[in-house]
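Next up: some structures, all given as structure tokens.
Two complexes, one shared chain (subunit A), two partners (subunit B, subunit C).
After this line comes the complex of A and B, so read on.
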């Protein structure tokens, strides 16, 4: 039972990390990128690639995975977001990020193979450690570090305040001389780096698997929608709740209905509280 | 729309004759199979086009509804021996019901939420078809029976598909060109404005989505019969993405565009071997290119190029207001108002 809870917490941490990555990108661009889950997938796959195929030590591989994630985040912004936002059609960003996500997933599938591959152990540890196993606490530690780091960044640094200004009102921020385009690109790079970190840390839990991206895009989004769009606390709570809910349901009813249960949770929350648990109600006065 | 109806009718007639006589001049059975596959896809895409192209609701998970139709057909015909043509209608009804039930909560959601809900629906359907092994055969899949006597040969089946596809195209065309279609387009371009002029937003969305569920169910039944064996692997999420891409690439708010998109995207990977290997990468690349370069879709480009060739005008989109007629209409309207004022 304890193992169930801890594994739920760990997988929930990965969902929460995906939710955080969504939030970072959403705050500056008001875009929910379909590629968010694929960033984490890239972190896991490239981590495994650096360590297994190239034989690099773990810290170097971690830096590499984070850099790949950041590069992909930046690429998303440059290719799929920048031109589309300039044209200001509501739905186009959804199409462009969907296209990019499909391309990345297929490219990784062709290059890396469609079978999930095991992720190497990062620290020396017996497989008998049970609930203390690193595959559980690494993602949890990573997401806690991410959340604390983000909070520090938003509250205490100049750039964090710039981010908040852009997120509050992009036009006003621009009028004050903030380069909103550059801020947006930076936010995508940061989301990419954090997503890469999360994917790397959770690699032993999820394996290096090319189709992970789409699932994470969905679950991260559910975590965010449950917790409340735009709220980091909401992403954490929603992610952990979703993870625990899923593993408990699997424990009680068997593993066949994971997605059905997750989406059921989403639907219930959206019906009862459409803005999510910690979301701010944004009603446009007409 | 009706300005150049004669050449248009001519083209339609030539296209129709070509499509009907296709089994006689096509090279081999494989190409006939491909033509039937295009027809089956089009049955679904024609309905989806009303949702995606006209109403602007980005449903990327129609493959879930397709799988419902397929499994319903395989189970009802294969296990209970019901007449296939009757089951075809039954699959359509079931697809419509599921579309209705899916649309009821999810169509209230804004853009990205709706797309995610339909994607989740597709994943759930894949999961259920794996989990309910007693009903669907689980991962091993189900054999699907064919149709009865006149439609049991490849040629006969092709004609059945053609008939259904023509019928559904005609229906969507009727929806699109009449008041309904205007309402849908108004809804797509601005929900608030559409609601303000009295378009019943949610009811319209739900009706169209249910209709797309019916076509998806029928398409699913035909698809299953064409494939003759279905497993959960047949209905991967990427197939739903493919339907979606066909419409976006073809162009939103038109019927011909998505049709051309369907034909080209189905046939191209089969004709050009390297593209088949790239598969979804190719579709993604195409989608990205279309979204970035011509968001209106390729059909729109073709149309404007044609218009430019015909007219040689400076701007194919530009309208010359007929001032005299406009003034006359305004005057007439005012006169009527005055008369009505006197009457009351």
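After this line comes the complex of A and C, so read on.
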């Protein structure tokens, strides 16, 4: 049973990390990018590529994976977001980010292959370590570091305060001289870097697999919706809750109920508390 | 068609000339009508990209090689083969669209595939409605039915043959009776796990543990712990998902559980080897394989396999680092079509159906095939062999210990 909890926490941490990446992008753009899970996928795939194919040491591979994630985040903003937001208030970004996500997945499938490939051990540890195995604790540690780092960024840095200003009212922020377009681009790059880090940290758990992106996009969104859109604490709680629910459901009832449980959790929370567990209720004055 | 001319120096009377002219004209017309030189059009629905593309890419090499070989030899009864390949990317929707295009626009004479059973379940009824002969290479049992799909003939082994052979090996050879079945939550995994349970029930065995798992589940320690707690003495995974199968073996190895694993052929694939935590985690792992790609006691493969391997080896750059039965299957699908057209004397669909229905013991590389008026599964039970997973060499395997 302890393994169930630890593996649930580990996969939940990856969902939470995806949720955090969603939040960073959403804060400055009000866009929920379908490419979010694919950023994590790229972190895992490129991490494995740098270490196994190019023979680079793990720290260099980590930096490489983070840079690839940041570059893809920025690319998402430039290709799929910037022009769409400039031309339309409708939710066309859903289509543009879906198109980009599909193209990236296909491209990685063609280049990397469609079978999962191994992700190397990052620390010297025997495989019989059980619940202490690094594959569980690395993603958990990564998401804790991400959450603390974001908290510091938002509260203690000027750029963090700029992000918050754009998040609260982009028009007012622009009126005060904030370059909202540049801020948005930076937020996508930061989300990409953190997504790359999460994908790298969870590589041993997920393998380096081209089709991981869409799964994480879905479960990361559920984690965020359960926790509350815009809330980092919500993303953490939602992700961990989803991971634990899924593994417990599989353990107790079998895997055929895993997705039902995930979507069921989302529906229950949305019915009882539509803004999510930690989301702020928006009231429109009339 | 004759092109000979009558020599000028020969002299004939008017009546003889008229008769000869008539005979020549009739002969020419008969020759033109009899020697059909239109190409034999084969549609090939192959998931060359997307999930499970490894098998499709290898099968495609066999298909293309057979087409080239036949065309270089002059075609089928003088008719060249025109191969029309469509990449379904493993997507049933695309497979359906391409099947319709092949039938309605390209007007193909035959369709090979699709590669994956999930795609085939969607395309087989469409091809059956169009009356186009379909060489099936999916294993799911529901894909063939002489009443519903009279022109669908299966070349590959059925899922039931795979599972039945694996069950026999676990029960009769390994003498195990406490079976843990692991399936995945895809349609294929679910139906295979059910079939495995049903076949075990026929042998009087009820699994001590049975579970369906999401194919992308990241850790299987819990399921394997439960299987061990339930007293399982053999684990039988029925899934084509490489990641899931590797995780079964990794969980078993990490737990240091000394239990044999007998299951789906994908557990012998080379991608599994790369995903194992340690190479020894592949020990005591067996799967349904084929006599055509199994080394005999003398260390040799059957002669037809060796012959094809030798012919194709230059195309692979000398080494064969994928499962070779995929290639033999692809190669045989075209040879089956060649046999059908030659026997039928044309590509007339009803005649082709009759030719295949009357085919007995057609020698192939992957297997020897027999179909009948009420039998659409051509692969013989004797063609299945249980292989030892960690013995991959040149795309083939050693037989499991008996």
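Operating definition for what follows: the second predicted complex is superposed on the first by the 284 of 286 C-alpha atoms of A that agree within 3 Å, B and C clash if a C-alpha of one lies under 4 Å from a C-alpha of the other, contacts with A are read in each partner's own complex, and residues count from 1 in each chain.
Note that in this section contacts are C-beta pairs under 8 Å (C-beta built on N, C-alpha and C of every residue); 3 or more make two chains touch, one makes a residue touch a chain.
What you are looking at is a predicted structure, and each value in this text was computed from that prediction instead of being measured.
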item	value
Fit or clash between subunit C and subunit B when superposed on subunit A	clash
Touching partner for A:38 - first (subunit B), second (subunit C), both, neither	neither
Subunit B versus subunit C as contact partner of A:107, first or second or both or neither	first
Which superposed partner A:247 touches (first subunit B, second subunit C, both, neither)	second
First (subunit B), second (subunit C), both or neither touched by A:128	second
Subunit B versus subunit C as contact partner of A:83, first or second or both or neither	first
Partner chain(s) touched by A:184 [first = subunit B, second = subunit C, both, neither]	neither
Partner chain in contact with A:258 - subunit B first, subunit C second, else both or neither	both
Touched partner set for A:117, first subunit B, second subunit C, both or neither	second
Partner chain in contact with A:205 - subunit B first, subunit C second, else both or neither	second
74-82, 164-172 or 182-190: stretch of subunit C that collides with subunit B	182-190
Overlap of subunit C and subunit B interfaces on subunit A (superposed complexes)	106, 110, 215, 256, 258-259
Contacting residues of subunit A [partner subunit B, same complex]	32, 79-80, 83-84, 87, 89-92, 94-96, 98-103, 105-107, 110, 214-215, 218, 221-222, 225, 256-260, 262-263, 266-267, 270-271, 286
Partner subunit A, residues of subunit B touching it in the complex	56, 58, 60, 105, 109, 111-113, 115-117, 119-121, 123-124, 127-128, 130-131, 192, 237-238, 241, 248, 277-281, 283-285, 287-288, 291-292, 295
Touching residues (chain side subunit A, partner subunit C) in the complex	3-4, 7, 10-11, 106, 109-110, 113-118, 127-128, 130, 133, 135-136, 205-207, 209, 211-212, 215, 247, 250-251, 254-256, 258-259
Residues on subunit C engaged by subunit A in the complex (per definition of touch)	49-54, 184-185, 190, 211-214, 216-219, 221-223, 225-226, 242-243, 246, 250, 253-254, 256, 271, 274-275, 277-278
